[in-house]
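Presented sequentially are two complexes of chain A, the first with chain B as partner and the second with chain C.
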Partner chain A sequence: MATLREKLKSALGSGDNSAKIRRRRAMTASLWRNLSVLRVALLVTGYVWMLALPSSQLGQGTYIDENALQPGQVNTYWSWADVRRADDYLKDLELLRDRNASSEERAAYFATEFAKLGIPPSTQKYALRSSTLASEGTNAYAVFSSPRASGAEAVVISASWLSHTDGFNLRGLATVLSLSAFLKQYSHWSKDIIFILSDGYLDGMHAWLSAYHGSSQSNMQVEPLELTSGVIWTALNIDYPGHSFSHLGVFREGLNGRLPNQDLINSFRLISHHTGGVPVLLYDHHDPSDFPGRQDILKIFPAWTPKRVTDNKDVMEYGYRAKNILRHVGYQARGRASGVHGLLHQFRIDAITLFAVPSNGPHGFHALGRTVESTLRTMNNLLERLHASFFFYIMATPGTFLKIGTYLPSAVLVAVALMFGGLGEWVNAGWVEVLDQDAGATDKQSAALIHAKRWVQRSRDVIPALGIVISTHVAGAALFSVVSSSWFMANQQTYTFPVILLASLLPLLTLLLPSSGDPTSQAPLPILLKSATLCLSSTLISVTSVLNFSLAALLAVALGVPVSLAAPAHSMITRLLRYLLYAALGLGWLALGQEMRQAVWHWEVLGVWFAPLVCVVYTPMMLQAGIVCLLSP
Partner chain B sequence: MAFELAFAVLLRLVLVLSPLRRLLKDDSQLSSPLTSYSRLREGIYLFREGINPYSGGTFRHSPLFLALFSTVIPDSEAFAAILWACVDVLGAWALVRIWRARGRVGTSKRDSLIAALYLLNPYIFLPSLSLSTSTFDTTLQLVSLMFAAQGQASASLLTLAFTAHLSLPSLLLLPPTVLLLLADPYSHLASPRPFNGKISKGLPLFAEFSAYFCSLVLASTVVSDGSGWIINSWGAGLLLPDLTPNPGLWWYFFTEMFDHFRPFFLMIFSVHLVIYVAPLCIKFQHDPLYAAFLLLGVLGIFKPYPTLSDPGLFLSLISLFPETYPHLRYPIVTTLLHLHAFLLLPLFHHLWIATGTGNANFFYASTLVFGIANGGALLDCVWAGLRVAMGEEREGYVIVQE
Partner chain C sequence: MRWFAFFSLILVQCSLSAAHSGEEYHEELKLRPLPDGKLAARFAFTTLLKGAIPRAPTNLTVNDESQHYTLFPLAMGQLLREYAITELHLTLNAGKWDYDRWGYPEEPGVGSGAELWTWMGDGAPTSIDERWKAIQNAHAGLFCASLGSMDTQRTTSPTRAFPPTGDLPRLPAPHVHRLRHATLPAEHVCTENLTPFLKLLPCPAHAGIAALLAPHKVFDADWHGLGVHVRWRAGKGVELVMTVQAVFDPVRMSAERKRDWSFHSVFDRTIPRSCPVATTSLIHVELPPPGDGSYTLNPAPSTANQAVATFSISKDLPELDVTMKWGEESRFAYPLDASSTPLSDFSVQRTLKGSSQTHGQLSIVIRNNRPTELSVLYLETMPWHVEFYLHTLRITGPDGQQCNDLFSNMTYTPPVPHAQPAMLQAMLTLPPLTTLRLTMDARKSFLRYTEHPPDAQRGWDLPPAVFVTQSASGGASKRVYTPALLVDLATPDFSMPYNVIIMSCTLIALIFGSLFNILTRRFVVVKVDGNVPKVQ
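Right after this comes the complex of A and B.
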């Protein structure tokens, strides 16, 4: 028994503590020695991974996950008579447009038409104001109660007055009107169908949804809805601005980066292919492989790229996917809705916009009607909300997507690199290598060599560093309240420069801080501040990555390298120049006037977090990195 | 001191009047089914209407709350907000008194820091804003420790009886409290020694506690007209009837459990809490206050229905033991873990409940991060508390944990 115990002890190595300690020390030492290499490796891997996302090696084919959906399994009954009806509505709508009819008139027209069909209609007036612009209008809507069900659930078909291109969405509205007449003929609906013809672009639908879900906000007056129905599960928004269309484009991004369940997109794609006979695109991006010899439709490579490169099949594929992903990141990172459907996501409604990509043909109301009818039948099959397929994905092409596991690590690796940097700086702050003065004076030369340098622990006073961190964020909040105020927006061009100047001068106050004292006993402030900034930015990126990957990737790109590189210098000029660079990075966006107005409008009206996030989180972090450079080492 | 207190109270009142309170009121991280203010009001309403509030599954508060809120304290939310803020201030005051008793000092420069660390700790602050009754548990716990540190046995035991009555797991604090009453609250971490008080003197203290506790039980039974409250309030902690998500580690485990294993694992989980008491009290017999502090950390992690204020109490108590700070091994890692957990908890809860894109596993993952953060803090405090005794590290020697 005793021998067995001995054996076990030696096998586990617990008998020899010193070996264990040596091993652990060697491990720590090698980690510490290679820390900068590790950080660079992690950063590079993260960024390369991001660049590799459009690669055709990543990604997999889409599939239907929810068995109840059964897309494209029904006969459709949408006929040329319904197309004719849509044409009639279109004529009326064109008249309304041509005589510049007011919102009320239009809504009254819609309501009358719904009433003629025997579907209870109603209208809703709303007024919105924000510091950038005010809008008002009237929505029209009608609720078709399902003949055989309780009305506890509903689906929405909507079209807005304006298209996301700069035109009017007349054909979209005509389609919805004609569909309402058509759908009413059938009794197989298990869910109420709500037809919404919203005014404006996003504002009308926002007002309608707020009233429907009972959420209110101080800058919006909405009439309460006279008609209601059950819980809305899914929604289709139709955007058909042109005369005819060649493809149907899917827009999916919602407010604050929320995406609809992928099953909805996949079902629609299958149905459009097989029932409507219309190929599906992401957004309005044509696939260059469908247009041999006309790769220039991709418009993503700069003009000077040699033709030999752009004509390469793999490069073309990469470019096509990169274009799709970049468009997605553009919407998702800024929290913008890519269409009217995006407003519904916040109420847990899975919704997409069908965009009829304008073209000279060959499709029109007939194909669109059949596709929508069959898609509605698929949505009608649902017994519970869409939940089976993916909520976190990136579509690379209409038929391929990236799972969360293939894209998330890229941003997380950058975050890990920053975290290692922060922890490394924290250790740096705690220890300093000093020359041992009296070691050489005593006796042996060898001993003097060994003891010439030794590590001394010094105290880390985190209060000043945290004070700077908190005050920059408070300053960021103040900056946000300034730039989102109506007086700033009214005179944006006059005020922009003074605000940038003031905001970038404020951090110079830190120069007045007393020097941190003896570096052998007290950790220098810049190191502590850099540690805090690195840790905080890492936390920000990794936490955001689950909520909104595009935003996390954007932050990883915007913060990763600059914050890692921040370092104090000895000459005052270098310090100031470095600081100015960081201030420009942190505050430069203020000069993007139109973009900023949009972001502020989205925050004030739709509650998109992007604008406050930039002001209260991103800019202060850049300024902290700038202060790291500014402070004397 | 007065200034900081005034500032904290003012800040609290401003926040209480802001719309933040409405947002936080039914937040599952801040108030559990056992401490939710909405449920308390529901119970009071039923009680006033002459319906036994314990006959359903919504009301799980102690009958003492019922008695208090239906008679003495007006049933108004605005008043409650002010009351909760005052209770928090009382907790901060008790914490400062403990510090003074431990350091044998009158007023000191550290007082305001300790009070601020308590009053501005978001884990304490937010549950109090959401009017979670866990604020009362926390404060009573601190007051009990304060009396124990000052050597006032009866007051301490009575407060502890109240605490244990409101939140049954606090019963585990009885042994260290008794030890604290028999010994002194001063810091002996640096010089461990065998317990020098007379254990036999503890028996009357146990008896006294039992007397208080039994009279509270009796009072509760009289108030609520029957013993139905026992199964509904105390029983909830042992039988876990309500699986509303909370930041603790119990709920998810028991949502996944097959019914026939339930009693077994309920017993395991409850007994598991008890096994920490004796080892901690024995190992830290030279400093029972530290043992009590560590036990509060254990409760913060493994309690059946925790809210953020349970780990918050533990974290705020760290301010009492500055002598251990140099020996903490990874305070920055623990801090960052807490930062991550603090952000991930509401985020994943939102993804699951509000947007519907996530599911229960998301929130569970964030509670695991939270558990790791709390566990890391606790283990580090255990290490530091023992390490203090070994003094400065000498050249060529290493201290390891076997």
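Right after this comes the complex of A and C.
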């Protein structure tokens, strides 16, 4: 111990110490001098990283992680007789559609058909009410208790009455009905199979799931389910609106940005490719390499892009991947479900929608049935829930994906830039450089002036800044309760502009605040406010990034630059103009009528956080940045 | 050779008369066509050890008399004597018994998975629980089932729901008989259980009714179960009933989707010859009600009445293949009103609602299908992983009104975390043709990481609840099992211990490093460029 101490003593000689301290000071000083450069560099790196995500250099091939799945390793028995049965059901369904049959009639038809097959059926009535619209309907479902299975686990096969393409999902329903007759012939199912033919689009399935899991909400009346089964592990939703299909598209995004385990998608892709012979797409996005020489029909790039650029293979690949990723961000950032399957994720059910991309051919019920049968056999192999593969990923193409480590740093870098900015402003608020009055007269040389400057510490009174922050968020909450109220939604056209005007005029009240005192003793309010806003937005982005990357990326884009650039000006006109710009950024979304109605409906019925987040977090932050510009420096 | 046979016969006769007054073997098969086209079959192989009485637990210290049996399986006999078991019931089932569509089973023990319960007298040198553990292990070895995992966390003593089916011999005071009961809902039943089971029969697989038990057909049935039941009947002796129950689906098995069945189509076997040691060997076929189409039964039964046709397998019988055909049906039409005409007195639906990992709600919907008031005993055994909040117990009627008064005579054993399950027994009165909803909030426990099973992401299988009908007229009470449940408890990501190790090591290194730095650092005043001295 003594020798150790001796060694340490010699290592920390007193001569070294002062050098060390000097070095440390120089480092801090250079960091401080280059803070703005560093911030810009971090911001730019973050944004460039985001732009680089579609690059074919990033990303890796998908693979099956769970050994139990064994996709595509079984013989399928789905035959043309089953296709014929599906055709028969389709005829009945077309009749029902043509005579505009009511929900009850349709559900009764489904229940009778299930009963004819010997599968216990039931129906469920529901009524949903929200400030935007009310809907009601009747779901039909049947629970096939698999032979020898204890009924503790279940899988779901579902189809909704409406397709996500504004049409009817008749062929999807016919597929499920025919599948139920087919699957009942086999005894190798290890889990109960629940067939759900839900009414409407999202509403029917939401009502069914709520009743199944015993969650209730005040704006929904649902009948309790007469039949139940065990814990649902996986689910397939079938959306087949067209006459035939060329590809099967996978829709995966769930409510609030949840994703299913990637193994499900990968197994389905392998099975569809090898067993069904159907190529798989992400959404309905065709791969440009399938259309050599005719890529322009995919409209990946806007028409004005020069042909020389778009013909480049790498550019085309980048465009294709960017289209896939942007579509994903569009669903995930807004917390929207990209299909009926998206409602199931919140109950820890891994689910995807198989979308039969409408086309003139060559595939139909036969290929779809075989694919679903084999996928079910794969799901049937599971002894545990899907847990091995990824839950956080971005799919760039059906066969490649980005791991969380590849995409997460982009948003986090932006958040770090904002945090550096916020801390920098905090230091700025605490210190001010003043002329040293003792140094002498004012007409000294400039070199002397520099020496005469001196940093003095000033008090940072955070109460007014925090007061503004809190009151903007409270105003945001009030704004949200206004726009989600039924009277606003009923007269949206009339009320939109008054509400925008009122919301943007309210922050002008801060002009009435008494100007902060002597800047040498008291930190100016705008600097403190900006510091708070920057730190808040940084925290928001980094916390969101692990929950919902797309939302974090959207916030990083929407908040990053505007909040960083907010700065007060001397002329009142400039201040007002800047404030108006921020107010427009913060409140402009109110003018997107249809989008807003959708967001409010999703919040009220499905509990999607996007609408309240925008109102209570994003808009107030923009207004805070606007107030920073508005206040006198 | 003839002489040898003669001598051995005499020897057998002698040993029989020496040990017991005799043994009897009866075999019986009951077939019941069901309204939904299925066929319920129940095999019962009964061996009666005449005049035997269960070993007294106090005699466990002294050497037992020698065991000699001709028909009674020696392995079972030795187990019963070794642990002084008075009554024992073991069932191994796969599937979910649908009481509404299939009615009540012949053998009441139809809960999914394995169920073992015994009545034993105390007063032995080893405790009841030690003997109970030994019984599990012995039967686990005998039937190739993982019964050994029925530890104290799964063992209860629900005496009201599982009274002895036979008689209990009088024990010297203060000793009494005790019940031990445990279930393993996730136990799978397979050929490896049936093979040792058949080995215990006097005529396994080649003669008599047991010849029908072809594993590949029995285990393809929609529902199947094996049962071993030992009881003592005062004045008669120790009775061992080994049962196989199965619900076959002839419609699924036939290409034309017909419900016609024969031994050959259902079991892939026929009865080639009779079992020579069987005292009686009977096959009962329950006949469908008159309105259910015209059918033919081949060959002609030995005796028949309105409801049941009986075939008696005699020694001179040629190969027997009973066939039932509905000649007029081209394909079976499923009844469309199956859910409105349930065969059971009451229907139960039991679910664990709620998707969170911390809280849930047990929900039981129970419907009385009869126009008379029913009174049932409700038994809930729950591992400590799911703890009930008894004060949240609510019973709501069809109009949403509270009717907690329908719940009476409640006994409750609270759970002991990491040790012992909870048990709730209560009487429930069901008003005629009414649906009641019973809810109870539950807390899902947070387990120690070593307590998770190897397949942690599957969740925990919870045992079924049991309802026992209490008939006022004194008829036999029926036991009704609900399906088993699966519960998701908070599960760590077991694929990531490596990350956890890295993370914790980094943290420890950081904390240690900075602490060590501060402890070994010498604080001195250093002058830097003539500025204000600064403390390092």
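Basically, the second predicted complex is superposed on the first by the 607 of 633 C-alpha atoms of A that agree within 3 Å, B and C clash if a C-alpha of one lies under 4 Å from a C-alpha of the other, contacts with A are read in each partner's own complex, and residues count from 1 in each chain.
Following the convention adopted for this analysis, contacts are C-beta pairs under 8 Å (C-beta built on N, C-alpha and C of every residue); 3 or more make two chains touch, one makes a residue touch a chain.
On a predicted model such as this, the values are computed, not experimentally measured, just so you know.
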First, second, both or neither for A:542, with chain B first and chain C second: first
Touching partner for A:230 - first (chain B), second (chain C), both, neither: second
Partner chain in contact with A:187 - chain B first, chain C second, else both or neither: second
First, second, both or neither for A:348, with chain B first and chain C second: both
Most chain A residues touched (candidates chain B, chain C): C
Chain B versus chain C as contact partner of A:21, first or second or both or neither: both
Partner chain in contact with A:149 - chain B first, chain C second, else both or neither: second
First, second, both or neither for A:385, with chain B first and chain C second: both
Contacts of A:84 with chain B and chain C, given as first, second, both or neither: neither
First (chain B), second (chain C), both or neither touched by A:453: neither
Contact residues of chain A, present in both the chain B and the chain C interface: 14, 17, 21, 346, 348, 385, 387
In the complex, chain A residues that touch chain C: 4-5, 8-9, 12, 14, 17-18, 21-22, 25, 112, 115-118, 120-122, 145, 147-153, 184-185, 187, 213-215, 224, 226-228, 230-231, 346-348, 383-385, 387-388
Footprint of chain A on chain B - complex, ascending: 332-333, 336, 339-340, 343-344, 347-348, 351, 354-358, 362, 398, 400, 402
Residues on chain A engaged by chain B in the complex (per definition of touch): 14, 17, 20-21, 258-259, 345-346, 348, 385, 387, 391-392, 419, 423, 426, 535, 539, 542-543, 546-547
Chain A partner contacts - residues on chain C that touch it in the complex: 36-37, 94-96, 98, 101, 112-113, 185-186, 219-224, 249, 251-252, 333-334, 336, 338-339, 349, 351, 353-355, 361, 363, 365, 455-459, 461, 483-488, 493, 495, 520-522, 524, 526-529, 534, 536
